[in-house]
Amino acid sequence: MLFKVEMTVNIPKDLPTAEADAIKLKEKNYSQELQEAGIWVHLWRVVGQYSNVSIFDVRDNAHLHEVLTGLPLYPFMKMNVVALCQHPSSIK
Amino acid sequence: MLFKVEMTVNIPKDLPTAEADAIKLKEKNYSQELQEAGIWVHLWRVVGQYSNVSIFDVRDNAHLHEVLTGLPLYPFMKMNVVALCQHPSSIK
Amino acid sequence: MLFKVEMTVNIPKDLPTAEADAIKLKEKNYSQELQEAGIWVHLWRVVGQYSNVSIFDVRDNAHLHEVLTGLPLYPFMKMNVVALCQHPSSIK
Amino acid sequence: MLFKVEMTVNIPKDLPTAEADAIKLKEKNYSQELQEAGIWVHLWRVVGQYSNVSIFDVRDNAHLHEVLTGLPLYPFMKMNVVALCQHPSSIK
Amino acid sequence: MLFKVEMTVNIPKDLPTAEADAIKLKEKNYSQELQEAGIWVHLWRVVGQYSNVSIFDVRDNAHLHEVLTGLPLYPFMKMNVVALCQHPSSIK
Amino acid sequence: MLFKVEMTVNIPKDLPTAEADAIKLKEKNYSQELQEAGIWVHLWRVVGQYSNVSIFDVRDNAHLHEVLTGLPLYPFMKMNVVALCQHPSSIK
Amino acid sequence: MLFKVEMTVNIPKDLPTAEADAIKLKEKNYSQELQEAGIWVHLWRVVGQYSNVSIFDVRDNAHLHEVLTGLPLYPFMKMNVVALCQHPSSIK
Amino acid sequence: MLFKVEMTVNIPKDLPTAEADAIKLKEKNYSQELQEAGIWVHLWRVVGQYSNVSIFDVRDNAHLHEVLTGLPLYPFMKMNVVALCQHPSSIK
Amino acid sequence: MLFKVEMTVNIPKDLPTAEADAIKLKEKNYSQELQEAGIWVHLWRVVGQYSNVSIFDVRDNAHLHEVLTGLPLYPFMKMNVVALCQHPSSIK
Amino acid sequence: MLFKVEMTVNIPKDLPTAEADAIKLKEKNYSQELQEAGIWVHLWRVVGQYSNVSIFDVRDNAHLHEVLTGLPLYPFMKMNVVALCQHPSSIK
């Protein structure tokens, strides 16, 4: 079941760089595990923004919530979640 | 080069059904040709809306404009275009 | 799987009354079948508005899309869809 | 008398964790007492957000205000309150 | 129980004047009956707008909905409803 | 001459409680003097918000500005000011 | 007593030109009478828009409402009204 | 050449009062020099707000930018700039 | 003196094609004369939209208003006008 | 390939002036190198704002992202990116 999620990151300027870097590294690992598991199926950077456009393939709403709130950067993110489904003209 | 495009269709209620159906059929064919050509790389329906979320892979901005304005439903659509690029955490 | 859906109805003033009434009757029947089937689990009127707040319990996103676009009043509605899940403080 | 209330929590990052945890625990207890009393009749988490969608059944406006401003997390919440009533198509 | 209701009227320009005048007269009578009954407790015109700011004193949400949707101009109005209660500094 | 004023209070969390309480007490006294003088003619709490809906009866614009900027909580308030006048359907 | 009023005109495209011209001429005369009377004290065109920025000097709110709703183009205008007063740094 | 400029001042609460007062005094002097020079031709206070509505008469865009960014309170202001010109109905 | 102007065209669907084409041709000619005269210094299409981003170099505000309202498509356009000036980092 | 980028700078008031000045100097140099390289093809100041309107000519989306995120002031900027293409009426 697919969802489009758009995330915008806003790390407070007073967070120590070392701490911020540690969180970003965890975020990268977490993200790549989910990608390899086929859950975070697409991940693109928005040009000029500290934002991404993502597509998640999850079992259900609860699964998506668990995945999103588990993001190490979650406390510094704004999220926008949109439920998707098959488009009648899609050839996939 | 990737772009996210979100399209919302609003066909006027006074357009004759036959005419609307003809346009929708052309739209479907046009869309599927672009999908098969690897230009319209993703196409999802937004749940509960006459809207889609699409990803286009085009040569450049002009190519995207040509593809979008060529849509048979273009005169009845609102479009939102966002430039994308590689995300540093993406495994693709 | 639960979704909150808010629907606002806007029937064009030039739709003949008989036609509007027929659609509203179909809407009522459709809505009550879905309620009896346990799919449309809550339906409230917003005070002062031709709008409702609804909770749907569906199998997945595609199921919700099918249910919503099947509404007889769908062509005259604006929809807002929000995915819900279990709240950790809920006793249900 | 029913109201939909949507609450978004934003706990300041400089609130000590122990203090935040104590408030959240009080919030949970307060919420569950109101649920058991049949006042806070529904409580759902919004997917991907630190937000909820709630339905309250209260005696009157003053009662709702008392209940909401009594929330331990109230100082950190944004609230949106919408008055509801019986929908003519509801089977309940 | 008090509510602030703000109403903006937008009568379509193609509604025949006689019909519009008949509706406005009904509206005036309806409004004055509710004022005399102590239900529509305040009614002010917004300067420069075809809008009003109103205070209603109703038994409950359902009563307010019945009163508002009974307005002869209701099909041509946008409404904004806000629940009010006693202010701790009010001397009334 | 009547104005609707909506005020939303946002006291910074780092203001010492004693200081905040002193300001709130002054605010209450100031408000009640204006109510007794027939200047602040209505004052309601918005349900679930630290906001009010107020009606002021002032000599002129300058008088309203003097009254509003004299509020002890003024530095912590957002204000929305709307000029009102007699409604043709009002029975008052 | 001063108010800033911003008006945006939107004449429906199906209004016959002769009728539109007659209304615009009345509007001009009405506007100039009010300017000569010292009531419509400033009137500027917004560059690129069918909009104006105006300053009115009126006896009270009711006077402003009477003046604005008397505009021949009033049925085709959106209005934004802001109450002004003496600025402490103004030398006038 | 005329421009409408609307300025809203937001002085941070942690700016020492003496410093704030010194800036405000400079602002007043600067403003009055520009008024006397016929550059800042109108200056009104918005009722209930720490905002003004101003009309500037400048040589060109660059002149306006120089004047506005020279305001002692500029770092604490939000600005909205609108280009104006002669209105065909204006008698001035 | 430079201005950025963004124009969005919305030609009503009931305008006869021949009439629309005639207006568009006039628009093109008008636009190219202004470009050749060094007044309309840049003109770009926004990808996916019937909109443009333009830079005008005009004598003053009145000149810009005359140029914009002279556009054959002006009655079908929304305009957004922003005054520009030399940027201190620009090498031009 | 052209993009319009609008940047608004908001340097935190607690950033030491020397540090801010150093960043601004780097920004100026970086900007001028890109201008000389024909990548940052236009750069204008918005009158009255700490904002600019810029036109970039880049190889592709990734190139634009690299250029924008490399701005020394990037952490203090809000960006708005719009893809442009040839306008059919442009004479260039």
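Residue numbering begins at 1 within each chain, and the chains themselves are lettered A, B, C, D, E, F, G, H, I and J in the order written.
Everything below uses one rule, namely that a residue touches a chain if its C-beta (ideal position, glycine included) is under 8 Å from a C-beta of that chain, and two chains touch if they have at least 3 such contacts.
Heads up on the chains, UniProt names are A, B, C, D, E, F, G, H, I, J = Muconolactone Delta-isomerase.
Quick caveat, the model's predicted, so the values are computed rather than measured.
S.K.: Matching residue numbers in more than half of the contact pairs is the bar here; say which of B-I, B-J or C-D clears it relative to A-J.
M.R.: Looking at which residue pairs coincide with A-J, the repeat is B-I.
S.K.: Could you tell me the distance, in whole angstrom, between the mean C-alpha positions of chain C and chain E?
M.R.: Chain centres of chain C and chain E, defined by C-alpha means, are spaced 27 Å apart.
S.K.: Starting from the mean Cα coordinates of chain A and chain F, work out the distance between those two points in Å.
M.R.: 44
S.K.: Please compute the C-alpha centroid of chain C, do the same for chain F, then give the distance between them in whole Å.
M.R.: It comes to 40 Å between the two C-alpha centres.
S.K.: On chain D, where are the residues touching two or more other chains?
M.R.: Residues 2, 45, 47-48, 61, 64-65, 81, 83-86 of chain D touch two or more partner chains.
S.K.: Could you list each pair of chains that touch one another?
M.R.: Every pair of chains meeting the touch criterion: A-B, A-C, A-D, A-J, B-C, B-I, B-J, C-D, C-E, D-E, D-F, E-F, E-G, F-G, F-H, G-H, G-I, H-I, H-J, I-J.
S.K.: Chain C touches which residues of chain B in the complex?
M.R.: 13, 45, 47-49
S.K.: In the complex formed with chain A, which residues of chain J make contact?
M.R.: Touch list, chain J to chain A: 5, 12, 61, 64-65, 68-69, 75, 79, 81.
S.K.: Can you name the residues of chain I that touch chain H in the complex?
M.R.: Residues of chain I touching chain H: 1-3, 60-62, 64-65, 81, 83-86.
S.K.: Touching chain B in the complex: which residues of chain A?
M.R.: Residues 2, 4, 27-28, 31-32, 35-36, 42-48, 52-53, 55, 82-92.
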